[in-house]
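Both complexes below contain subunit A, partnered by subunit B and then by subunit C.
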Partner chain A sequence: MLPMLEKRRTLAGVMSWIGLGILVAFILIAVLAPIIAPYPAVGPNSQFLTPPNPLCGACAPPSFSHWMGTDNLGQDVLTRVLWGAQTSLEVMAIGVILALAVGFPVGLYSGYVGGSIDKTILLVMDSVYAFPGLLLAALVAAMLGKGPFNIGIAITVIYIPLYYRVTRNQTLSVREETYVEAARSLGARPWTIMWLYIGYNVLITIPVIFALSAADAILTAAGLSYLGLGIQLPTPDWGLDLSVAQQFLTDGVWWTSFFPGLMIILLTVGLSFLGEGLNDLINPLLKKGRA
Partner chain B sequence: MGYVHALDDISLDVASGESIGIVGETGSGKSTLGKAVLEILPPRTEVKGSLFFRGEELGQLDKARIRHIRGEEIALIFQDPMTRLNPLMTIEDHFIETIKAHQRVSRHEALARAEAALASMRVPESRIGNYPHEFSGGMRQRIMIALALVLNPSLLVADEPTTSLDVIVEAQILEILEDLKRTYKMSLLLITHNLGIVAEVCDRVAVFYAGKIVEVGSVDDIFTRPVHPYTRLLLQSIIHLDTKELHSIDGVPPDLLSPPTGCRFHPRCPYAQAVCQEKIPPLEQFRKDQLAACHFGKDFL
Partner chain C sequence: MPRRGSLLAYGLTRLILALPMLLILLTVVFAVLRIIPGDPIYALYGGRAPLSVIMALRHQLGLDKPYWQQYVTYIVQIFTGNFGISLGAHYGGQSVITVIVQKLPATIELSIGSMIVASTIGISVGLISGINRDKVVDVVGRLYGTTIFVIPVFWLGLMLQLLFAVDLRWLPVNSRFDISPSPPATITGLYTIDSLLAGRLDLFVIAIRHLALPCLTLGLVLSGFFAKTVRANLLRTINADYVEAARARGIKERTIISRYAFKNALIPVITVLGLEFAILFAGAVLTETTFNWDGMGRLLIDSIEVQDYPLIQGTIIIFSFIIVLISILVDILSGVIDPRVRY
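After this line comes the complex of A and B, so read on.
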């Protein structure tokens, strides 16, 4: 996927590179958080440094020692934001990878066999898809309990129908390709035809939707945490920190909500750029490949 | 809409080592016949009748057995080589997949056979690791043929194997097919609208019109003493070096959703009489091994 980005200095290529850069930066932040974070993630870091604020406990505006200020518990916002990347990426990765791992094979099978099996699966998936995403995730999260892994699964449930739909529709078109008929005429096994001849050719359209759904998953995860259904305190999490910070926002304490929010926006935009950029790059390539 | 009877009342036999040509206009059901032989017609296609291959009735066999017959005993070469190979698989992968789908052999042995098959098609074996898009159309068709022949099938169905190729490649491929016929006693069902190829390669020929066989016989008989008016007009339309004027058959092939009554060729036939509109002519024998479906066949002898 990546070598072809180099050759194309188009808007799509630039977008993909920016998106990829942002994603890699966030992955680095998440991995290096234990090393680069200036303070411990949990627990007050500032109460001995600044006098308590009557409005919001131990919070303090951005300063030289706390670049992004501290929150009501006196925790360094920069540290929380850096550690929060870990939680967000973890939830996103679990959610999106599981959704792909389920949605892709089911979509492939459904599209390949067709008939009443296909119609039944399609009906089930469409009813799940029609359900509002955040509500569904909230429902599943409430059932499973808190913690990054459970939230990941809750998010998976929303995105399985998405991956299923994309895979199935693509399978329906690849199934009619003449090389599939040729493989059949040579006596290829159904399993081989499904995975090697169809699946492989469907898979190349997945990175686009992978990036786009990852962006969406970050927002959903933040939303769940914000609603108190996701990650539990004191685990650093952007959505959760936003939700705590919200009550002090009216008193002019902007920094505790601004920075986690900025992170959510940055990562989401980065992933969207990557997805849209890849979409523009892959589509013409696909068309060229078919011609 | 409705049902299209792409083929109607077709009966053919192919002896071992024999090659039979299927000729006819576009839409006369030639390719459908080829796909029917391998049972790879699209879903919701209804096939009636029976097809015997070495004493086994293909329609009665289970799917696993049919799958084994495909490729290993009956192989098919398609007319459009450009899109018949998986763009994401190398040529090597295509061969290994095909061989391993039928026989338990080591990768090493499969590779050796693939290289031999490619060499016999004059494709350099050094290119076995390349992807389909790295080959020209003629090369891809040779690769497809090598792929179809790597398991030494006893019947090869070739559906316009040279249509999209230039004449030099065409000549090479026909030569290769004749070699194979001689060496392996392979039977060949050659579907084409190129009568020149049929004359060169085939022993017998069946002329298709609108999903029906109108005439069948030896290449000699059909080309020199055709009985059916359609065959005659078809032969007249061949272009020779000394052709001064182009002959064509007036009209267009009929819509198979509602084929003409009686003889399907009657709307275009210069000799058509009232009976041709009413009665379907049966396939009758006019000479030894030469059958035609025409009410007035005797008059054309």
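After this line comes the complex of A and C, so read on.
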């Protein structure tokens, strides 16, 4: 049994490192986009080495000067894809951090006080969680209007129940630990127990959820942009660029939709690897701590 | 009062427990639509309409009343089946229910097709993976389960469109039916069923050809979840005592897998099914956009674009009803299959 556990743990370790590597690479791309992108992100910059395609404006297939080709406006796809990392990470960060900021304290409180307050909050959160996230986000996005910050808020709605649930369940079990009992009998105030003794120990499960919800948030944000509810042109954004590219797909123009999608997949695969790897690494720790 | 533990009692309890969930969802929808800043009337006219028109419309929609009064009217109207009249450019003047009844079959057809694809592929992959634990096939299967799930459904749709419709020309690019011949006369609204009812096999083939790509797209993305659940459960049941006992009695491994382990591994899959539907509907909105599929998802996005407030509200409420209904059905189904959950 033990050797297998070791093997699994190293696999999880490798997965987390790959995931972390991909995430760091994307953060670097986002930060360095203004420097590393070969062309300006907005406006025509194709050199027209090949004559413009009559079907899709100034688009041209991948070539030596434009590795990923140009889109219908003659914009370099590689440049837009690099800049797109900025928009995507920005929206994701806003959405996930806000969800944590709301879901964590509410989950902590709900799990700690228990009783009918806990039951009520749980019912509300579970109902919202059962609803298709994208539809709810689309509704909120439609009401708030476009832009990275508004989309971030819209996707927060999906992930609050997730953070809430994980925090609450963890709180329920940590609450019964002996050291919490000890703190209580020594006269620690509920607020101190909740935040310092329980909260600190619940926090260990958060990185997993953080990575997994971040992966999902990237997909949801791209979906909203694809539906035309997210980011406004001409801001470079993977989902938005895909929805523009779709019009020219039937003419065989594949490069304007292929590459933005590839970026979404790479980033979400990275984040899922990180999340699942961390999950395998942290869960044994949690189980050991319980025993 | 039916006996405790009987299926009827269990079903009734589920039904009663689902009511608060429905009410909460309706309340959330109300909160998002009315309390978040953003005035539908203002958005509809872009501030160009004279104040008197805006005031009249606000009055007509009841937006000039206090929130609690609006809320009561809203709930009463929903439960009396009055969803209002569409305001938008596309369906203006039609009742919301009429529009939704036209669009719902397209989404149902897409959902059922996708679920068939997803469960067939997903359960097969999970089964093969689970039987060959830690072999190469298993690693491939697990990798499939993890990666297929993170592929954006709209991107997958576009790529399949490019391959099968644009390059190979095997299947139509998008929409629910050919331009001619015209679709079968509406009975159920599901083109496949209607063409069979009309006895027109040729129309049935057209409908299936149009269904193929969208269902494959959505089904593939959903299959990862099935594969993961089936594999995990199979690993659990394959080492269970009753399977060990069967093995000790000398029953063939093939029979053990199919009769003992696999069957029991499928039970938790049914519980997962409910969650799967939520993902399915989110995916359907995107897939309908990719394939120009004239269903509920397209309707919702179109109404959001033109700020058709009653239609947005109606569509979302119908989705809420369906979600709650499915969660009840899933609960009852798992109660039928596994009597233990009834207690």
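Following the convention adopted for this analysis, the second predicted complex is superposed on the first by the 278 of 291 C-alpha atoms of A that agree within 3 Å, B and C clash if a C-alpha of one lies under 4 Å from a C-alpha of the other, contacts with A are read in each partner's own complex, and residues count from 1 in each chain.
Here, a residue touches a chain if its C-beta (ideal position, glycine included) is under 8 Å from a C-beta of that chain, and two chains touch if they have at least 3 such contacts.
This one's a predicted model, so the numbers in the text were calculated from it and none came from an experiment.
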Contacts of A:272 with subunit B and subunit C, given as first, second, both or neither: second
First (subunit B), second (subunit C), both or neither touched by A:246: second
Subunit B versus subunit C as contact partner of A:128, first or second or both or neither: second
Subunit B versus subunit C as contact partner of A:254, first or second or both or neither: second
Residue contacts on subunit A - larger count, subunit B or subunit C: C
Which superposed partner A:32 touches (first subunit B, second subunit C, both, neither): neither
First, second, both or neither for A:101, with subunit B first and subunit C second: neither
Touched partner set for A:229, first subunit B, second subunit C, both or neither: second
First, second, both or neither for A:201, with subunit B first and subunit C second: first
Subunit A residues touching subunit B - in the complex, by the definition given at the top: 114, 177-179, 181-189, 192, 196-197, 200-201, 204, 289-290
Subunit B to subunit A touching residues, read off their complex: 38, 40, 43, 67-72, 75-76, 78, 80, 83-89, 97-98, 101-102, 133, 144, 147-148
Subunit A to subunit C touching residues, read off their complex: 123-124, 126-128, 130-136, 138-140, 142-145, 215, 219, 222-223, 226-229, 239, 242, 245-246, 249-250, 252, 254, 257-258, 260-261, 264-265, 268-269, 272, 276
Residues of subunit C touching subunit A in the complex: 20-21, 24-25, 28-29, 32-33, 36-38, 146-147, 149-155, 158-159, 161-162, 165-167, 173, 274-275, 278-279, 281-282, 285-286, 289-290, 300-301, 304-305, 307, 312, 316, 319-320, 323-324, 327
